[in-house]
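Comments concern the structure below.
Chain IDs A, B, C and D follow the sequence of writing; residue 1 opens each chain.
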Amino acid sequence: MNTWGNALRLSIFGESHGPAVGIIIDGLPPGERIDLALVGREMARRAPGQETYATARREADAPEILSGLWAGKTTGAPLGAIIRNQDSQSGDYDTKLRPGHADWTALLKYGGHADMRGGGHFSGRLTAPLVFAGAVAKQLLARRGTTVLARIVRIGEVEDTEAPIDSEAYRQVADRDFPAGAAAGERMKAVILAAKAAGDSVGGIVEATALGLPGGLGEPFFGSLESGAAALLFSIPAVKGVEFGEGFRFAGLLGSQANDELYLDQGAIRAYTNHNGGILGGITNGLPVVVRAALKPTPSIAKPQRTVDSAEWRETELRISGRHDPCVAPRAAPAVAAALALSLLDCLLAAARLAPIQGGGDSADGGDQGGGKDWAE
Amino acid sequence: MNTWGNALRLSIFGESHGPAVGIIIDGLPPGERIDLALVGREMARRAPGQETYATARREADAPEILSGLWAGKTTGAPLGAIIRNQDSQSGDYDTKLRPGHADWTALLKYGGHADMRGGGHFSGRLTAPLVFAGAVAKQLLARRGTTVLARIVRIGEVEDTEAPIDSEAYRQVADRDFPAGAAAGERMKAVILAAKAAGDSVGGIVEATALGLPGGLGEPFFGSLESGAAALLFSIPAVKGVEFGEGFRFAGLLGSQANDELYLDQGAIRAYTNHNGGILGGITNGLPVVVRAALKPTPSIAKPQRTVDSAEWRETELRISGRHDPCVAPRAAPAVAAALALSLLDCLLAAARLAPIQGGGDSADGGDQGGGKDWAE
Amino acid sequence: MNTWGNALRLSIFGESHGPAVGIIIDGLPPGERIDLALVGREMARRAPGQETYATARREADAPEILSGLWAGKTTGAPLGAIIRNQDSQSGDYDTKLRPGHADWTALLKYGGHADMRGGGHFSGRLTAPLVFAGAVAKQLLARRGTTVLARIVRIGEVEDTEAPIDSEAYRQVADRDFPAGAAAGERMKAVILAAKAAGDSVGGIVEATALGLPGGLGEPFFGSLESGAAALLFSIPAVKGVEFGEGFRFAGLLGSQANDELYLDQGAIRAYTNHNGGILGGITNGLPVVVRAALKPTPSIAKPQRTVDSAEWRETELRISGRHDPCVAPRAAPAVAAALALSLLDCLLAAARLAPIQGGGDSADGGDQGGGKDWAE
Amino acid sequence: MNTWGNALRLSIFGESHGPAVGIIIDGLPPGERIDLALVGREMARRAPGQETYATARREADAPEILSGLWAGKTTGAPLGAIIRNQDSQSGDYDTKLRPGHADWTALLKYGGHADMRGGGHFSGRLTAPLVFAGAVAKQLLARRGTTVLARIVRIGEVEDTEAPIDSEAYRQVADRDFPAGAAAGERMKAVILAAKAAGDSVGGIVEATALGLPGGLGEPFFGSLESGAAALLFSIPAVKGVEFGEGFRFAGLLGSQANDELYLDQGAIRAYTNHNGGILGGITNGLPVVVRAALKPTPSIAKPQRTVDSAEWRETELRISGRHDPCVAPRAAPAVAAALALSLLDCLLAAARLAPIQGGGDSADGGDQGGGKDWAE
C-alpha cells in the first residue's frame, strides 16, 4: 500500500501529470520548528532543470503545507503537504511502451486504467514529496545531533574511490552541486554528458550517511533498521540495489577481515572499523550509518528501441524525444538521503518509548500505586 | 516490530536458547493442502549439522503446528507453529562481546535485559520459522504455477559465472546439497573448508529466483515487491545487501544496454532480456524474478579478536570455541528463497482483490441493485 | 496514527482553520467510475448551513481530487482529495477551555502546540473527508449490489420506534433532509430547536444499515467487521457508543430470545430474525448489517459554564457565542454511513483475495506446474 | 487480520480443539518483572469451571512462555506464550449450525474448511491468551500508577445501580468471585441460575475502569483511544456493544448536563464530573477511563432451536447438550479489563515517544550538532 513506517507514518499520493503530488507525515512530535527555507533548498536539489546533465523540465516544486504546521512549528497533528504539477506536457508520451519502464507492468496490473502520462504514479516526480518529508525529518534529527548526507560514488565506470576522511569533508562533498569528490565528479559529469550526447543514459550509485547518531536505534528481525530503510529506498524509482556497510563486498571477505573489533574509549564501547555500516543485528551501534543505493540508467532514451504499441498491439520502434535526465543519480541523491533520514527518525521516535523502570521493576509489587488519584464522578 | 506483510501477515518470536522459536502466518486461504514432508525437507536444508562445512550443532527442527491446519489442509485461521530448541549449550557464550555481532547493539538497546545466549532473538535460529513459513508459501505458489529456487552464486572470491540456461537446469542446481554449479560448487566448498581450518569464516552471495509467475503482482512506491522482499531479506541475520536483476551492475550500464526491449509472442508482450529481474516499477512483468542477497562472514570465529567484556567493562581478547558455520550461505539459501516466496504470496493474495467491474462501471448508475435482498428482521 | 484499514487504506489530515482538510484512499480497484455529483450530494448532507437546526457556518465543501482519478474513473493509484477551509472565523474561539471538548486533552498531549482554532484536528470538519471517502466507497458497493443508508433513531428523549418495514421504506427515510420517520422527525426537530433556543445542545443516536450484502465478509477476532467499523466510528467526533444488532439490548435478553434461528430458502441458509445485526463471529451472514452510534450533545453551548483559561491559568466562566450545531446527529448521519460503507469495502476487497483452489488442492502435488514459462534472459 | 496495536503489537492464534491457543506480545520494554502468580490469578478468573453459574469444562490454562521472558523479566524481544487445550470433547458438537453462532458465517467464509470443533478460532477460548496479555499489561501499568478493574453492571433485567464511591470500593467489588455489588450480585447470580435451569442463557454488561492514569494518552481521529479499545473489545466473542462514559445515555442529555465543567486544583485542571469517561477527543484527561461492553446471551442453549444441518443441508432441530456458560459475563469480565489495559499500554508506550525539544526548537538552527562524533572507519 501507499503507507510506510511505524512511529513515523508516511502516506504518499499523486501522479506526474495530475494536479499535484503530496504526502502526509504523521507522528511528528509537537513544537518542532520547521525551517521552510532549508526545506526548499533540499527540494531544489531534487527539482529538475538546474543543470545541463539533468532534464530541462522546470518546476517550482514549492510545497504547500495544508496541516500540521502552525506559527512555524509542528502541531502534533498529521503534516500534510502537496506540490502542484505545473510544467507537464502530456504530448511527450504515447502508447508505445517504454522498455525498462513501468508502462508494461502498469498495463498488466491496472488494465489500461492507470494515468501513465509522464510515468503517472510511477514517476520520479513522486520523490518530490519524499524529499520534502526527508527535509522535515533532517531538521528534527539535526536538532538532536544527527546529520544525514549523501554523495554520488559511481557513475558508469567512474568510481569515486576517495572516501571523505571525516564528517566535515563529507559535508563539503555533499553540499556540492554535483555531490562527489572534485576530480571524480568532473569525470562523472563527463560520462553523463557523453551518454546524453549519444541519446543514451547511464546508471550510478548514491551513498547516504548518518553521522552523530545514538546507538540502540532499530529493532531485531522484521523491524531492522536495514529492513525499514531498504523498503523506503526500493520505493524510489530506478533503485535496484541496496547495501549497508561493505554490502556486497562482504562476500569476498573473511570474518577476521569483516568483523569490527571493539575497544573502550572513556568508558564507551567503540569499534576500530565500521565495515557493518553502523548497524549490527538491525540496530545502530553509534558509528556512522552507511547505505548505498544502485540506480539503473533512465529507461527513457532517445536511441531507437524495439517495443510494443499498447493501443495498436503491434511491434514497433520507439524514439523518445521528451526531456529526460541522462542520469538520475544527481537528483536521486537527496531522495536517498531523505529515505535514510526518515528511517532513522522512525526508529528514533520508537526508541523513545516507555523507558525501563528503575531497578528493573524489582521492588514494584505489581499493585496499585495510583489509588491516590481521586475518583471524580 | 515483529510483524511483516499485508495480505499475508507474519509474526515471529523466539530466542536461540529459550524454549522455542515460532511464527504465526495469517491470511492463508482455507482448504490448501500442506505437505508436511515437503516442509520438513526445506527445514532440513536450513537445519545445522548436515555437512562438514556447516556447524556440528544438531537439531531436529521439527515444527509443531498449533493451529490453522486441520486434516492436512489450512482452515483459514492463523497458522501457528513452533520449533523447540533442543540442543542449546549455554556455556558456549560469555560476556565478551563478539565483534560484528549484535551483542553490542542489544546491550545498547535493551540495557542488559536481552537473553543473548546463543545470539538470542538475533540468532540465525530465527530463520527456522521463516523457512517453515516459506515452505508453506512455496506449496501455495507451486499449485498456481510458480516455483521459487535458490542457489549460491559466490563464496569468497569464487563466483559461479555459469547461470543455469533454463528452469530445469536451475532446479537441478538448486536441489543439490550444495546448491551451486558443480565445478564452482567444489571450489566454493574448498574456500569454506579453508576458512574453517584457519579458524575463520567467509562471506557469500545467494540468488533466489521465481519462475512461472504471473505479471501484475506488487504495488507502486512503498508497496513495491522489491520493498517488501528487501524488508524481509534484511531481517535475515548476516544479509547486508539486496539487489534485483542487474542490481549494482546497473551502475556501469547505459540505458541502451540495460533496457529490456519488448516484442509480441502470440499476443502477449515479452522481453528479449531480463536485466530488471522480472520487476518494473515495483510490479512483476511475468519474467523470472531474480534477487541476490549478500551475506557477511559469520562473526563468530576462532581467531583471537580484540573486544570488550560487558560484565567487567574492560578490554579483552576473545577466542570463540563454540560450533559455528564457517559460512552461512548454504543454510541461508533456503531462507532467502523463503523470503522471496513469502513476498510473492503476499502480493499474489493482494492482487486477487476485487476485480475491476466489467465495462469499467460505465453502465452502472451507482444506484441500489441490492434491493431484492429481503429485509429479515 | 492517522491511518485506517487493511485492503482499503485511509490516511486523513487537516485542521479546522488550516488551509484544507483531506484524505488519501488507497486500495481502490482501477477502472471504477466515480460520479462526482453523487459524491457532492453526500457531502452537502454533511456540510454546515442547510437548516436552522444546524450551524449557520457555510462552506462549499467541494472536494478537489488531486490523484487517482482520470477520465472519471479510478486509476488504481491512491486517490487523494482535499477540501479547502473557506469560512473560518478564528476569532470565534479563545483560550478558555470548552468543557466536554478536546481543548483540555490537546493541551495535555501537545503542550500548547496544537492549532486548536475551530477545534483543530479534533473538529467535526474532519468528517468532511471521511464522508467524501464514504461517498466513493458507496458507489463501489452499490455497483456490487450493496446499499448503505442511515437514519436518526433518537434525539434527546424522542425515539423513532417505527423501524422501516423494508429496504424501500428505509431508503425513503434515509433520503429525507432530516432522515427520520416523518412524525418522529418533527418531534426530534422540535427538541433540537428547543435546545438551540435555550442556548443548549442535545444528543442523539444514528443508525446505519447495509442492505444487499454478501455473506462471509470480515475476519475473526481482531479483524472482525465490528472491530474495524467501531474503530472508524469512534474516530468521528462526538461518538461515545457503538452497538451492532440488539447491542446493549442483548443484556436483557435470554439466548432463546436473542438467537436468530435458521431455515433453508431455495437452498440458501436464512434466519427468521436479525438480532445480531447481520454479523456473527465478526463476519457477515448476508442479512442487513445494522449499527448504531451514540452521539453526545455538542460541547459548544451558549449557556455559561465554569472552566479554566489556559493562557491565564485561572478559573473563569465561558459563554460561547459562535455558530454551532445544537445537535450533531443530522450532519453525523452521513459520516456514520460513510464509516460503515468504508468498513464493508475494506472487507469486500480483502475477501476477494486468492480463492481456494478447486478440490482443496487435493490433486495438486505441490510440484512445479510453471516450468513451461520460458526463461528469458 | 490477527494483529492489533501500534507501539504494542498483539498477534493471536489458535482453535478451541486444536493443540493450543497462543499470543505474541511485541513492544514490551525490557527489564519489566512479570509476576506469573498474578498472571495465573487473572487467568483463573477467566478459566471455566469455577462456579455453578459457569460451564463445568475445566482447564488448567497455565500459560507456557516460549520467549521474551528471562530470569523473570522481559527481554525486550517478542513475548510468546501458548496455552494447551487439554479438556476438549470433540463429540460435543455436530454439523447442525448453532443459531446465533459463527458456525454459519465460518461456513460462508471458509467453505467448510474451518475447524469449528468447539467454536474453533471463534471460541471464547481465544480470550485465554487475551487475558494472559492483559495480565502482563496490567503489571506494567500498575508499576506506573494505573490500575484496571472490571465489574458486572447488568445481567438480564438486574442492574447494579450502586456505582462504587471510590477506587478502593471499586477494587473490593472487582476482586469478588462474582465481581458486582453484593446485593445486586446475588440477584444476578439468581438470574443466571434460572436461565441455566431453563436450558437457556442470558446477556449482561461488563464495565472496566482505569484509575490513576496520566492525561494525554491516545491520538485524535483514527488513533483515538476509544477506537483502539473498541476494536479490541469487539474481538471478544459475544461483545455486541461498546460505550465510553455515559455512552448511549448521552443521547438523552443536554450539553449543559453532559459537559464536564472544569476547575483548578493546586494548579492542575480538574473536572467536576466524568460523563466523558476520562476521554475527550480520543485522548485521556486523567480522570478514570470508563468503558462498558454489552454481551449477548451464550448462543449455545439446551432449548430446542430450529436450524439447518450443514452436512445434510436440510432443516432440523438442535438441542445442545454440551457444557456451556449460561452467561459469559463473569468470565468475560477479565477479558474486558484486559482489552482496556492493553489499549492503555499501547497508548502509554506511544506517548513516550520523542519528547518536544526544550524551547520548541526555537534556538536550534537546524544545523549539525553532531559533528563531534568521530568518524570511525
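Definition applied: contacts are C-beta pairs under 8 Å (C-beta built on N, C-alpha and C of every residue); 3 or more make two chains touch, one makes a residue touch a chain.
Since the structure is predicted, the reported quantities are computational estimates derived from the model, not experimental observations.
Trainee: Under the document's definition of touching, what chains do chain B and chain C have as common neighbours?
Mentor: A, D
Trainee: When contacts are scored as defined above, which chain pair ends up with more C-beta pairs, B-D or A-B?
Mentor: A-B
Trainee: If you take the mean of the Cα atoms for each chain, which one ends up farthest from chain C?
Mentor: B
Trainee: How far is the middle of chain A from the middle of chain B, if each middle is the mean of its Cα atoms, in Å?
Mentor: Those two chain centres are 24 Å apart.
Trainee: Can you check how far apart chain B and chain D are, centre to centre, with Cα atoms defining each centre and the answer in Å?
Mentor: Computed value for the inter-centroid distance: 36 Å.
Trainee: Going by the touch rule set out above, which residues of chain D reach two or more other chains?
Mentor: Only 1-3, 6, 12, 27, 30-31, 73, 77, 109, 111, 113, 121, 220, 271-272, 286, 356, 360 qualify.
Trainee: Can you list the chain B residues touching chain C in their complex?
Mentor: 6-7, 27, 29-33, 35, 38, 73, 77, 139-140, 142-147, 163, 165-168, 170-171, 211-213, 220, 270-274, 286-288, 348-350, 352-357, 360-362, 364, 366-373, 375-377
Trainee: Where on chain B does chain D make contact in their complex?
Mentor: Chain B reaches chain D through residues 1-3, 9, 11-15, 18-22, 24, 26-27, 30-31, 64-68, 70, 73-80, 82, 109-115, 120-121.
Trainee: Which residues of chain A touch chain B once you look at their complex with the stated criterion?
Mentor: 1-4, 6, 10, 12, 97-102, 104-109, 111, 113, 121-122, 126, 154-157, 195, 198, 200-205, 215-224, 226-228, 230-235, 237, 239-264, 267, 269, 271-272, 275-277, 279-286, 294-301, 303, 305-308, 313-315, 351, 356, 360
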